[in-house]
Structures are given as C-alpha cells and as structure tokens.
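Below are structures written as structure tokens.
Below are two complexes that have subunit A in common, paired first with subunit B and then with subunit C.
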Partner chain A sequence: MKYKLFMLAIGVLLCALPLLAQEVEEAPPDSMVVGSVPAIPTPAPVTQLSGEDGKNDHGHAVMLSWELSADDRPGDTTSTVLSYEVFRWVPSMADTVEAVRLAYEEADAIMRSDDAPEGARDKRNDLRTRYFDLLEQYPEFYASYPENGNWKNIGASPSGSTTYEDQGSKERLASDYLPDFCDFRYRVDAVTAVATIRSSSEIFGPVQSSGQYFNTGRVPILIGVLVFGLLTLLFVQQARGGKDLYVRPLAGIEAVDDAIGRATEMGRPILYVLGLGSASDVATIASFTILGRVAKRVAEYQTELIVPTYDPIVMSVGQEVVRSAYLDAGRPDDYKEDTVYFVTQSQFAYVAAVNGTMLRELPATNVYMGKFFAESLLLAETGAVAGSIQIAGTDEIAQIPFFIVACDYTLIGEELYAASAYLGREPILLGSLKAQDWAKAAIIVFGTIGLLAANFNWTFFTELFRVTN
Partner chain B sequence: MKRQLPLALVFVFGLFMVFQYFVPHESSEWVYEFLLDWILIIGIFAVALGIWSLFRVAVDKIKTHKPNWGYSYLTLLGLFSMVVFGFTALNGESWGWYFPFAISALMAIMMIAQTMATTSQKGLYAGLTGLFALIAVVIAIFDPAWSFHFSTAEGVENPMFRAFFDHILIPCLSTMFALLAFFIASAAYRAFRARNLLASLLLIAALIVMLRFNPWLAAVYGDFGARLSNWLMNVPNMAAQRAIVIGVGLGIVATALKVILGIERGYMGKG
Partner chain C sequence: MDFGLYLWTTLGAFLTLAIFSFLYKDNPFYKIAEHLVVGVSAGYFAVILWHNGLSPNLFQRLNDGNWYFLWMDSTAPWYLIPAILGIMMYTRFSKKWAWVSRWPMALYIGIATGVAIPLEMGARVNRQLFAIMERSIDWANFFGVGGFNLLDTASGLSQLIVFVGAMAALIYFFFSKEHTGLFGATAKFGIWILMIGFGASFGYTVMARISLFINRIQYIDNNWLQNGLNTGITPIEGYHAGYAVIFWLVVLIVVGYIIREIMTYLKTKEKSA
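Here is the complex of A and B:
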C-alpha cells in the first residue's frame, strides 16, 4: 500500500512538473517589464514630398520623392525612423470596381469550364462592360477628393530612401491596374519600430500619370541607327555607281564552292543545317541567303541537298529559297520539296535526327549556319566522325569555340552576315559591309576617347552616350 | 505584285518595329503585342505544315526503301501516339474501351501511310484504313470512360501521355544531352594538341583555367593561380568576346536595315 501511495505521489509530481515549468516561464524577468522600455518619440515627418509622371514610360506610374525625416540619419544608430510607408488617396468606388472585376473573373472561369451553363458568356460580357464603364469614371472618382475615399497603403521604402515609384499595371483587367489621367494624391509616413508611432507628411497632389510618345532616354541609339542607316545608303549608292569595294577574303565562304565540288565528285549529298533560330532571327535570315547560294550551286552541279529544319516557319521559308535557287539555276524540275523538311521542335530530338542522317547518308559536306546552342558540338563532332568537310557560322559567342574546334572552317560572328554579300559579290550588298567597317572604326575612336574620358573624369563625353530606359 | 507586296509589308512592319522601340506609349505597345500574337498564330499554322512534311518524308522513306526505312514506321507511330493520347483523357478510374480505340485510331493512321507508300495493294490498305477508322469512331461515340479534349489541356494529364513523355522521351533527350560531356572531351583533345605556338598558348591558358576548378589542386594552386585564371577570363577573353559582340551587333543592324529596305531578299529566295 505504501508502495502504491509512493508511486501515486511520484505520478502526481511528474504530471505537475510541466505546470510548474509553465508557471516559471510565465514569470517575466525584471528586464522585460514593459514599463522599463524607453518611450520612442514621434519622428519628424518627411518634407518636400513631390511627385511626377514616370518619365519615358507607357504611363500608369508616378514617381514620388521627398526629403528624409530629421530623425532618419543614415549610419546613426540613434535614428528612430525604420521605414517610410506610402499612401495614395483612393475613392470608395474603387472597392466596387474591384468587386465587379472579381465577379467578372469568376464569370470568365465559369464560361471557360467544360460544364458552362447557358448564358454564361452573356453574363461574363455584361460584367466586363460594367467594369470598363466604371473604369471610365475613375477620373471623376479621384476628382471627388477628399469626399468619399480613404488613404490606402500602397507600399513602403526602407529608411534612408527618398524615392518611391507607384507602378501599376497597364492591363485594365489586372488587380493592380493604375488608371492614367487621374488626380492622385499621396502622403508618406515616417514609421518607427512601434508601428503606431509615426508622423505623416503633408499631402501632395494632384499628379497624373500618362504615357509618352518618345523615349528621350534612347536618343543616342536613335542617332546611332540613323547615322549607320545613312552610311549604309551612302555606300550602297556608291557601289551602284560602279565604285570598286574591297572585301577581305572569307576562307569559310571560299571553301563552300570547293566543298560542293567535293560532294559532286564523291557522289554524296550536302547537309545544310539552319540552326535552332526562328525565321525572325537575323542570323537565320543571313543563313537563308547563304542557303540560296549553296542550293544554286548544288542545282548546277546536280548534287543532292539535305536540309533538316527545327522550325516549321523556317522550313517553309527554306523550301521557297531552295525552290527559287533551282529555278535560277535553270533546273526547276530537279527540285524536290522534301529537300527541306521538318524534323522536330525538341532540341535534342533534332540533334538525334540530324546525327542519324549524317551517319546514314555520310554527306561529303556539312554546313551549319544560323543560331546554335548546346547542340553545336554534338552536331559538329558527329560530322567530324562521319568524315565530312564542315563549314560553320554563328553569332552565338558561346558556341563559336565548339565550331572552331570541330569544323574545318568557321565564320565568326559578323562574318556570318558578311557571307551573304561576299557570296553574291553584288555591289549593293557589299556597300553595307563598307558601312559596317566605318561604324567599327567610329566605335574604336569613340571607345578610345571614352577610355580617356573615364580616366580624366570628362563626364560630358560619357554622358553623350548614356542610354536610359 | 508577287514580289512587291511582301517587300512592302516587310518595309512597313520593319519600320514600325524600329520606331516602336523609341515610342513607349501604350498604343505603340499594343500594336507591338498584337503583331507578336500574329507570330504565334502563323507558328500554329506552320506546325501543321511541319507535321505534314515529316509525314511525307517518312512515307517517302518507306516507299523508296531507303536505308533503315523501318524506323519511319516508328517515327509515325510515336508522332501520332502522342497526338491521340494528348487529345484524350479518362473521365474516371476505368479505361473502358480506350486501348482498343487508341490501337484502332493508330492503325488507321498507319494504314493511310501504308496506302501512300505502297505501289500495289492500295485497295487493301485503303479498306483496312476504313475498317480501323470505323472501329475507332464507334468506340469514341459509345464509350463513356474517356472523351476528347481539344480546347483544354486535360490530355496532358492522360496517364499514357505522361508515361510516354516521362519514361521514353525525357530519358532519350537526357541521354542525347549527356553525350555532350564525351564530345567535349574529344573536342578538347583535338583543340589542345600543341602543334604550333598559338595552339601551345591555347593549351597553357586552358590548363590554367581548368586546373583552377580542380578541388584537389586548390592548395597547390593557391591564390595566385586563381587570380591568373580570373585575369585570363576577365581581360583577354572578355576583350575578344566584346569585340565579337560589337561586330555581331553591327552585322545585325546592317542586315536588318538591308531587309527592311529590300536590299537583302535572300529570305524570299532572291539574293
């Protein structure tokens, strides 16, 4: 019996231990007595709050700036300001507008579902019309300040910062849409560690946001493009006038004719790879021109041409290019539509298909011109194994070393673009090469002056070329 | 007119694309985005052309008995399996008559290919095409266990689609990518042979950069080696790269101008 009582006492004690511990935890140490925390004084408000429409943008943004609160001293540990909270006055109708927008989103989701009820589309369209009508009234809602509205916290900046961009979406159906041409009013609060201890700035406004029709931050680029365009036209005119323009030999392009001849002698095909670029890539456009020249020679020599493509649009354009080349060569009947064919739009599946073609058909020459990525070495190494003469050209910096290593001739960077002019030897195309040479000379001169300017702190010169978005 | 209209379109839209870069206004962005949408639309139509091209090439290989022509059947089977699985989804747990449907549909497509490829017995294969197509249609109409989904992405969650994608396609693609490691080794061997002064310099530079990342040699290599490697990458290498980038930039602008002005017509089949 004694033993049982003893065990019971121990059990009760064990059960009570956590309670005792809890009580101990609940007892606050002397250092945490609330009354002992020194009171934080109300900070001085920010001053000189101002705002302007965001520069060189599509609108829907206001740039705010202010002078720091006197209690915000960067680097000083006694500063009391922790952050700045930015408020915009928002009309009460904004809640209604948002409610209609949410209802529209819900109706849209229902309409798009497989089991959409009858009339779902009409309901969605009605809500959309109502929402857009309400958006039209936003300028009136904002003009009603200070009636029927309240201040909405739109963001915060850390202490030490003096700017904030109120950037909204331009999409009218987005939740953060910020309308243009409305009278916005702002207020900035200097906030301390205790969120309730803060001070508000004077109210700034009205300020409106709107889009610009010209980006003044890109003037240097515009001037550069115009000057370069004029140079191109000038040299093209000179070339048309019969002026002899020298272009340095491009070994890779000169090798094309020999390579086609080799293929003819060996009775093997020529494989032309247009790369992984789309038809809108300039490298692919340059490659089309080279393909045209190669196809014309192939048609003349009556050799087989294989052009597997990665992009269906590239395939369509490539077919047209090769067809025209055969026509120009006077052999339209020799053209086969399957010369240029689509393989796949999966990068490594494309590599597998092209490598398989290389190893089965054993082409005498492989030509890689256009945009290439990780597949460059896979293709070029397989071509080397197959014993083909290989000519490559790409503007992808990271792939150039791979081609140099694995191919017999490589067109580096801009040589790809020069190749089309070089192949054709047409004066008007050579004229643009001359313009490029002059532009490069200008870049060398400006680069050298810029180097001196940066070292001697001639900011006026470097500022001439500054581009902002 | 056949030449003038495309040139005029290229001129107008090319010039617009140049100027929209300098016009940040919403209206300019709207037109820009609208035109980008058209690229997508054209791309979707072009995919149909691409599939037709692939189909024709595969059929041609079968027809002419080119080397390894048997694999063309596999190409067509793989292509159309993913199409059939991708547009269908189960409505519950049961498969119902799904597999007989899938097999019939695929057989109908393969018989179309066979009809095009064969020079004799065209009637037999055409008849088989009709038979398999009929079976597939009947099952599709009467089997409630599954259904077609052309406008939603539910087919992507089809277990057969996922199985083919995850367990066949992805491993094959990963294998192709993994081959790159071996090709880099063989390419490096060829590149780093010290045949002349320049090749020897390349070899030394490559060794300095490669050894810098070897964890076992970090202690031996020391800080000097790391700094030398960084210098090689950030100064001579970067200078050469920037020179190429500037050249590429000018080449792109010049080619784009030539295209817009109609000087360069290679993309139209006229050089």
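Here is the complex of A and C:
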C-alpha cells in the first residue's frame, strides 16, 4: 500500500512539473531571480534624449545628452542602473559598404606585395571607386529609416553620465568613418547588472553632423590677437616715424659685446647653442636674431664662431642667419659653411658632443639662447668648468634656475624676446616690444577686474575670457 | 645571465663609467663614449625618421604600389607638395641653387608662426587670465581650510599671494619703462617671487637628477657586479661583499671630488667678485 501511495505521489508530481515550469515562465518579465540574488526590476528609461552636431569641430561627430534614469541615483547604493548603452540606427547597406572597404584593403595589400598579379592595381582602384560611390549614397541609406536597417551598439557611458559623443573618423577609408550630412537616429538603453534587464529610451532623430569653418569658442583669442596686432602696428609706425622708444638695459645682452671682445683678445672661439627647439619655436626664432647680432660682431672682430645644432632645419636657418651677418659685416669670404653644423637629434648625445667641444676648443664665451630642457645644467656646468663667460636665455621656466646658478648672465623668459629688439633696434621689433608691454598692462588691469568680478559674481565679465575647445 | 648578455651589461657599465670619467677631465674613454653615442643616435634617428616620419606620412600616402607612378592613384596626391618642398631643401648642396632652399624654409617658419600665435595667445594669455577670474578669494577660509594653516595652498591667503605675485612678476617684465620708484619696487618684489619659484624648481629637479644617478649606480652594482659575479663567468665564484665595498669607495671618492671641485669653483667666484 505504501508503495502504491509513493508511486501515486511521484505521478502527481511529474504531472504538476510542467505546470510549475509554466508558472516560472509566466513570472513577470520585469524581474529575475539569480540564485539567491534578489530580483532586479526593469529600470526606468532615460528621458529627454537629444542630440546635436558637435560644435566647433571638423564634423563626423554628434553630441548626445539625456536625463538620468529614475533608477540611476548617484551615491545611492540601491540604484540599479549600471551603465547606458548607446545605439545608432544603421542601414543594412552599411554592411555592404564595409564589405567593399575590407575587399579594397585586401586588394591593396595584394597589390603592394612583391608577388602582385597582373591587374591587381586596377582591381584595387575599381574597389576604391566603388567604395567611394557607396559612401556618396550614405545620406539616402540613412533616409530610408526605419526600413532596411537595424540598431547598432556604438558605445556605452557609465551610470551617472548624461552625455555621449558619437565621434567617428574623418578618414573615408577608416573602419570607423562617420559620414556627415546623414540623418542619424539614436536610442539609449539603461542597463542593469543583468544585461538582459534594460529599458530603452524614446528614439531621437534625425540629427546630422557637419564641420564648422569658424570656431566660436576661440573668439576671445581672435580678439586678443587682433588687438595685439593693431597695437604692434601702431607702435611700429611710431618707431618708423622716428619716435625714440625706450628699452630698459638688459645686463645679459650688454655683456654680449664685452664677451665677444674678450674672445677676440684671448684668441679663442665663441660657442653659440641654439637649444633643442625647432625652428618654429618662439624662443628659437628670438635666438636667430641674437645669433645674427653675435655673428656680425664676430665677423667684424674676425673671431671664430662655433654653432652646433640639434635640429636640421634650425641648422639650415642658422647657416642663413650667419651667412647674412657676415655679408652685413662686409666679410662674406670669411664665412665658413662648417660654422653652423648638425650634431644629432638625440638629446644627451648632443650634450655629450657639445660638452666635448667645450673642453677641447675652450671657447672664451658660451651663449645659450633658445629652448632648453634637461641638458641645460649639463651644458652650463661644463662651460663653467672650462672657464668660459656664459650668457644664457630661455623661456623654459624649469631650466632658468640652472642657468642662473651656472651662468654669468641669464635672460629670464620674455627677456629673451626683448633682447632681440634691444640688440637690433629695428622699428618692427621695438614696436612689438612696446605692444607687449601694453598687452601686459591690459592683463594686469583685466586680471584685477576679473578677480573682483569673481568675488562679486559678475560672471558676464569672466565669461568674456573663456576659451573652449 | 648568459655570457652574451653579460658582455652587453659590461659594455653598458663601461660606457657609464666612461661618461662619469668626464667629471675628472676630458679623456680618451669619454671621447670613445661620446663618439659612440653620437654616432649610434644619429643612425638610430635616421631610422626613426624613416619609419615614423617619411614612410607613414609621405610615402605610404602617395604610394600605390608602383614606384614609377608613385602618386598616380593616391587618395592624397597633394602630399606631393611637401615632398617637392622637402626636395627643394637639398638644393643647399649647390652654391648656385642654394637660394631655392629658402622657399620651403620661409614657408615652414611662416606656417609654424601662424599656428603658434593663436596657440600661445590661448594657452599663455586667455586661459591664464581666465584661471585668475575663475575662482573668488576664499574669505571664509582665508588662513587655511578648516583652521589656521599658512601652508594650505587652497586658502584665501594663498590665492591672494599667487595673484599679487603673478602681477608683480608681470611688472618685472615691462621693458619700455624704467624700473624706478613704486614701479621699480613692485618689479623687485616680482623678481623675488620669481627667484623663490626658481629655487623650489631647482631643488625639485636636482632631486630628480640624483635619482637618475642612483639608477646608474644601481645598474652597475645590481646588473653588472652582482649578476656578473654570480654567474661564474668571472674567475671568482659568488658575489663577494668586498667588491661592493671597493665599488662604493670609488663612488665616494668621485662624489668627494665633485664636491671639492664645486667648492673650489665657488671660492674662485667669490675672489673674482
């Protein structure tokens, strides 16, 4: 009897199992039980999803923003939203376009290989033409929404974030190329710890990306450059008109002539180091002017000049400067091409070479003008050991202390730029120096007013100087 | 450590010591190291220039696989322009045509200046000015956040010192006005502020250099002496503490010599002043 009852109970249980299973399946879809983890409810979707073309850029970017899901409360441990996944509607043709691009890449690789078959180049070119033709049709493909396409996950933002930038490449042959002037549509999903439990926002679109020719975020810079340019023109005109513009004496520059005289008397060369900057660095450009002055004096006194350079372009410009200086001094035949020479573009190898030159040639004067980095002390220290008079100038703030310690005269920061004006006494340089002083006065005035504005919350004033992007 | 690696390590240690020998005076060992590093770096940078510069930025953009028609089917044929400008630089080898090289140089400097001016104006003027205006003086915590602390950089007093110091330093860099009277006194205050900053920067950087020196010493001690002696490559098995003692004695002598030289130099300076 017991056996029969037992078999009956098992039979009932087996019959009831499908029902139980059905009940589990019919459980509310907005919750799930994983082991002993409590059920996670479906999160509230993000709201107010919007997007706009990325501002002040070269295009190929859309900036999305939204309001946080109600279940994403920063700082609240009971928040269920872990991240936001961003989707863009992509036409089915995008797969074809990508397939053509990959075929082009493959054909390009075959064509470039050593055993490229005949006609490989034509095949590559045909694929490229086809690919570019397809790209031209992207606006039509995107306009076909919602037909013939699907949603593509393009990225994610952590919880608490309310923005996402859909930025693609501007290179047409890149895999992440994002075309401009297409009607993009977006959706943002609030995602929980269980990836399947999520909620989608309303669809936003269409929105197009495009590039801007004028960066409005840099208007303050434009105004600053224009005002400074006008001031420079004004003072240059004054200087050309014969007005005597005062420049306060700079000890370091006044010492240059004495140092050249010393070298002449001692019969030793002058070493001029242009630094490690490129020819486009402001400090290097200022240094060229000073080099011109030094070279002219050297030519007049018939002293030897040594200019080891770190950058090939700097060497070329330096050679031109020294050649012109010898010409101005009326001694073009004394100019030697080897006066300005290239050493190497490795920082410490350059230092080793210049240090060796210092101890072998024992120059009477070392002039360091331009952009310097970690090598400043190594050079100046060796020069001091060699017993040379040393004059340095750089706008690299971190290196100025070393020059101050080891050199006889140091031009601090902007003094380097002023030195070229002081030496040349040319109207253009003097005018720009005067304009710089006015610009500094303006900075002091605006800075003081700005500090007051910050204390009195006059944000309209401070915003005038904000530079974005 | 195998024998090959040990040889390279030994070479590294030799070159390190050869460079340090410059502290005594210029000598053949230093000359060897100097010429080696200059030559190697020149070759190294020639290869770097090709692989990181010319090849990806010019040839790969122009190349369609056929060197005879380099640019014919390129998607960026305008890269021929910088290529031609670059070739123009080689006219410097001819005295007759050297003037041609001035064109690319002028273009380069012109473009670079045009790019640099708005960048400098933005980074060194506008952004700095905006940084001054961005935060008001913290009057509530004038002498320190949460208590009296003059070293607190977030205090209102620190903010005020930074502002006044910056303005005074700016006044020092006025070149078209004589530094006399109140203006001169402010400029003097400005240069004091600058010097305090330079002093801090000097100390900070010197510490970094000391760490570089320690790194080289560790290389010689750990990588060369200890590892080399432990391999049995050298005649004496095992690392003997005596070697380290000798080595560190040599280091002490070198450091002592440097200090003596500096002191002598400073004394000479004082006498000449």
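Throughout what follows, the second predicted complex is superposed on the first by the 420 of 469 C-alpha atoms of A that agree within 3 Å, B and C clash if a C-alpha of one lies under 4 Å from a C-alpha of the other, contacts with A are read in each partner's own complex, and residues count from 1 in each chain.
Rule of thumb we're sticking to: a contact is a pair of C-beta atoms (placed from the backbone, for glycine too) under 8 Å apart; a residue touches a chain by one contact, two chains touch by 3 or more.
Keep in mind that what you see is a predicted model, and the values were worked out from it rather than measured.
Q: Just checking: does A:195 make contact with subunit B only, subunit C only, both, or neither of them? Give me first, second, both or neither.
A: A:195 contacts neither subunit B nor subunit C.
Q: Is A:266 touching anything from subunit B or subunit C once the two structures are fitted on A? First, second, both or neither.
A: So A:266 meets neither subunit B nor subunit C here.
Q: Using the touch definition from the top, say if A:251 reaches subunit B (first), subunit C (second), both or neither.
A: Neither subunit B nor subunit C is touched by A:251.
Q: For A:467, decide between first (touching subunit B), second (touching subunit C), both and neither.
A: So A:467 only meets subunit C here.
Q: Of the partners subunit B and subunit C, which touch A:99 in the superposed model: first, second, both, neither?
A: After superposition on chain A, A:99 lies in contact with neither partner.
Q: May I ask you to decide whether A:143 touches subunit B, subunit C, both, or neither, giving the answer as first, second, both or neither?
A: A:143 contacts neither subunit B nor subunit C.
Q: So, A:174: does it touch subunit B (first), subunit C (second), both, or neither?
A: It touches nothing on subunit B or subunit C.
Q: With the two structures laid over each other on chain A, which partner does A:279 touch: subunit B (first), subunit C (second), both, or neither?
A: Both partners, subunit B and subunit C.
Q: Between subunit B (first) and subunit C (second), which, if any, makes contact with A:445: first, second, both or neither?
A: neither
Q: Across the two complexes, find the residues of subunit A that touch subunit B and also touch subunit C.
A: In the superposed arrangement, which is not itself an observed complex, subunit A uses residues 218, 221-222, 225, 228, 279-280, 282, 285, 313, 316-317, 320, 343-346, 348-349, 352, 360, 377, 397, 400-402, 404-405, 412-414, 418, 433, 436, 439-440, 443 for both subunit B and subunit C.
Q: Please name which positions on subunit A make contact with subunit C in the complex.
A: 108, 111-112, 116, 120-121, 124-125, 128, 172-173, 218, 220-222, 224-225, 228, 245-248, 278-282, 285, 313, 316-317, 320, 343-346, 348-350, 352-353, 355-356, 359-360, 377, 384-385, 397-398, 400-402, 404-405, 412-415, 418, 421-422, 433-434, 436-437, 439-441, 443-444, 446-448, 450-451, 453-455, 457, 461-462, 465-467
Q: Of all residues in subunit C, which touch subunit A in the complex?
A: Residues of subunit C touching subunit A: 19, 22, 25-26, 30-31, 33-34, 37-38, 40-42, 44-45, 63-66, 73, 75, 89, 92, 101-102, 105, 108-109, 111-113, 115-118, 120-122, 125-127, 129-130, 132-137, 163, 166-167, 170-171, 173-179, 194, 197-199, 201-202, 205, 209, 261, 265.
Q: Considering the complex alone, what residue numbers of subunit A touch subunit B?
A: On the subunit A side, the touching residues are 56-59, 114, 170, 211-215, 218, 221-222, 225, 228-229, 232-233, 236, 279-280, 282, 285-286, 288-293, 311-313, 315-317, 320-325, 337-338, 341-349, 351-352, 360, 374, 377-378, 380-381, 395, 397, 400-402, 404-406, 412-414, 416-418, 420, 423-424, 426, 428-429, 432-433, 435-436, 439-440, 443.
Q: Considering only the defined contacts, which subunit B positions touch subunit A in the complex?
A: Residues 18, 21-29, 39, 42-43, 46-51, 53-54, 56-57, 60, 67-68, 152, 169, 172-173, 176-177, 179-180, 183-184, 186-188, 190-191, 241, 244-248, 250-259, 261, 263-264, 266-271.
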